[in-house]
Amino acid sequence: MTHACNLEGRQRLQTSIGAVLIQLSRFYIHTPRHALHYTHTHVDFRCSKYHPFRVIHPVRYFTSYIERNVRPDGRKFDEHRNIKLNINTIKSAETSALVKYGNTTVICGTKLELAAPKAEDPDSGFLVTNVELVPLCSPKFRPGPPSDHAQVISNVVSEIINNSKFINLKDLCIVSDKLAWVLYCDIVCLDNDGNVVDACITALTASLKTLSLPTVTYDPETEEIKVDTNNRISLKVNGLPVATSFAIFPNCERSILLTDPNTFEEEMCGGNGANITVSWNNGFLCGILKSGGGTLSIEQEKEAIKMAKERTL
Amino acid sequence: MTEAADLKECKLKHMKCELNVLSKSDGSAILSQGETVTLISVNGPLDIKVQNQSIEKCYLEVLFCTKGGRPSVPDRYKEHIIRQTCESAIMGSLYPRTGITVTIQELEDYGGLLSCAVNCACLALLNSGLAMRYVFAAVSCAVDETGNVILEPTYQEVMNAKARFNFVFDSRNKNLITGFSEGIFSEAAYEEALEMSRAASDLVFTFYRDIVTKYSNVI
Amino acid sequence: MKVSVGDVVLPGDYCEEISAAGEKSKVIVGPGLQKESNHVYVTKAGVLKKKNPNTYWVDYYQKRYTPARGENVIGIVIQKAGDIYRVDLGSSMSAALSYLSFEGATKKNRPNVQIGDVVYAKTLVGSKDMEPELVCVDSYGKKGRLGVLTDGFLFKCSINLIRKILNPSCPLLDSLKNEWPFELAAGMNGRIWIKAKTMRETIALGNAILGAEYLSDEEIKAMCANIASILAGHVA
């Protein structure tokens, strides 16, 4: 058992990733200017996602910004991106809303249907939300059945809306045990640049707030249903749920909260979407979801809740 | 290696645990918290498909099997929560280009399934000998109609609760790793629930230490 | 939590004793410990041990093998690829064993190793970033006890059991070798190869080893004596 090990044994040459990167960067630096002329002349690397530093060593690129108390896109830690909201973009949908958080774009369309309520809950209608992350929005998603990530986002969005009691499902019931509205809210992400959950909640609340239900008359004897689309009653909503997401960057001494993170920031903080989402409605919390990223101290947690509250005022 | 430990404090549900229950997996644990029981098996580091390999860290896969056996969207969400929790604890950079599989089997659910699964996952990971930054403990809480915070609610209390929480803390600084809420609640109730759970997490950490002490003599 | 040598430790515990010793002299930090900023943190659940003057490690339970340099392991040849054999060690990646790392092997004179053969080899490369590499010779080009294991019986066990039976203070092998003759090779990857004269003796040996995992030294001696008497009774 105590043979000396063959130290000079053949060791096959293994090209490490680091060596490749150094070669790449050397190539980049030493290539004569005219060789790069055609492809690169007019690209300004300073803010581009193709900045060589960012490509070669993304973590150090990111931390060198964070150390200077600024984010790579020039925002402060607690600064949001510009939000754009366009209501009733899709004419064929009942109501719709297009929301942009910086580059992140989601569109929400609602559809109304009639159905019989569930036997165990005869006085309630249905609110069905679904979020789709199509291959269009990011190279990370492939065509086919919804990915795990899409299912998680979908679940988070429907949990927040259901918990907030934004819509009272009893309002969707027309005749107990016989007829109720089914509200389908389909959200499609067109461009995923981080923080999809907040954008989805904004799109969803905007389209629900503008929704009006046609009046329905139901004849219990003939079971005949008459829908009067000209005579509409707007849907009662309760408050306005607002979700605010943060990425938590695990720095040496203390974690750093980044409000409204973009994809690059999300990747630096674990790579599965934002790390903490705080939702408020009517002065009450309706969801605090934290997963992944750095750990959160008591003060930072309070800070996140406070920042999210300020947004709802 | 059959171990069982009791918790003297009545603040949390009675916990019982057995480590290394499965002979073929690299680490396994069965944990009961009150009436809720979960069984977890950990395998890894394993060889995995090239498309899932990462040169920086291991690929962590969590599978959640319910008693009914049919997969659903809420199950995917539970998997996501447990995966994120384990991922923050496991030192993945020590196992590049490999995969770690955590398989969770629900055996009985009488409230607090998620926190039981998270604690059981921690014990199974300890048993597997994978390097971890810290151990983690999950505690569940509920807020009833009158605004009282109940620690480790029973099945009946869960059904009647206005809001339910699951918190996971790390053992180093008792910071929050994962938090998950259902229902509507005030900021004060949240803070109270968080502090109560933070204090109660100590009991779970003591429990882990007892379990490891009991099997340390055979290492 | 703060811990000291001899304690039962959990991941996330830190030991000030080690960091204090590290300020005075060089300290060897073994498996289960990790230095992070100014503290030495525990990463595995077990018992913190110290070997004088300054080596620290954690004894922990493990079944899955992660290759480490210079350990004797038992592998199964699963593939011949070019001028190497691929050998399964039970780790995440199969190991490479060159045709030339056998005693007396040359380009012309290849060793006779077939797929499915069991080899007893030493790890030359055991790094998380590289494929493990095995050799069946020592640095003088001699095979010593390494090489292909013919006949016999191979079984798997936990890595702790290997460490236990190879510990010089463990009475298991000492008591067994006086009872009946056998050959044994223990691989640090949790595999044991045994060979005895008869099937009955092989089974008795395998059961004695597997049964020793959770027994104390005294119990092991009693168990060995018991197995030997049963075996002798039947043989006679």
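By written order: A, B and C. Residues from 1 in each chain.
By our rule, contacts are C-beta pairs under 8 Å (C-beta built on N, C-alpha and C of every residue); 3 or more make two chains touch, one makes a residue touch a chain.
Which chain is which protein? Per UniProt: A = Ribosomal RNA-processing protein 43; B = Exosome complex component RRP46; C = Exosome complex component RRP40.
In this text, all values refer to a predicted model and were calculated from it rather than measured experimentally.
Seen from the C-alpha centroid of subunit A, the farthest chain centroid is that of C. If each chain is reduced to the average of its C-alpha atoms, the one that sits nearest the average of all protein C-alpha atoms is B.
Look at where the CA atoms of subunit A average out and do the same for subunit B: the two points lie 26 Å apart.
Each chain gets one centre point, the mean of its Cα atoms, and the points for subunit B and subunit C are 32 Å apart. Look at where the CA atoms of subunit A average out and do the same for subunit C: the two points lie 49 Å apart. Contact with two or more other chains is made by residues 170 of subunit B. In subunit C, the residues that touch at least two other chains are 129.
Here subunit B touches subunit A in the complex through residues 55, 73-74, 76-77, 79-81, 84-85, 87-88, 170, 173, 175-187, 190-191, 194, going by the rule given at the top. Here subunit A touches subunit B in the complex through residues 17, 148, 151-152, 154-156, 159, 163-165, 270, 272, 276, 281, 284-293, 295-298, 301-302, 305, 309, going by the rule given at the top. By the touch rule above, subunit C contacts subunit B in their complex via residues 1, 8, 10-13, 32, 34, 41, 43-47, 59-64, 66, 91-94, 128-129, 160, 213-214. Those residues of subunit B that touch subunit C in the shared complex are 1, 20, 26-27, 43-47, 89, 91, 94-99, 126-135, 170-172, 205, 208-209, 212-213, 215-216, 218-219.
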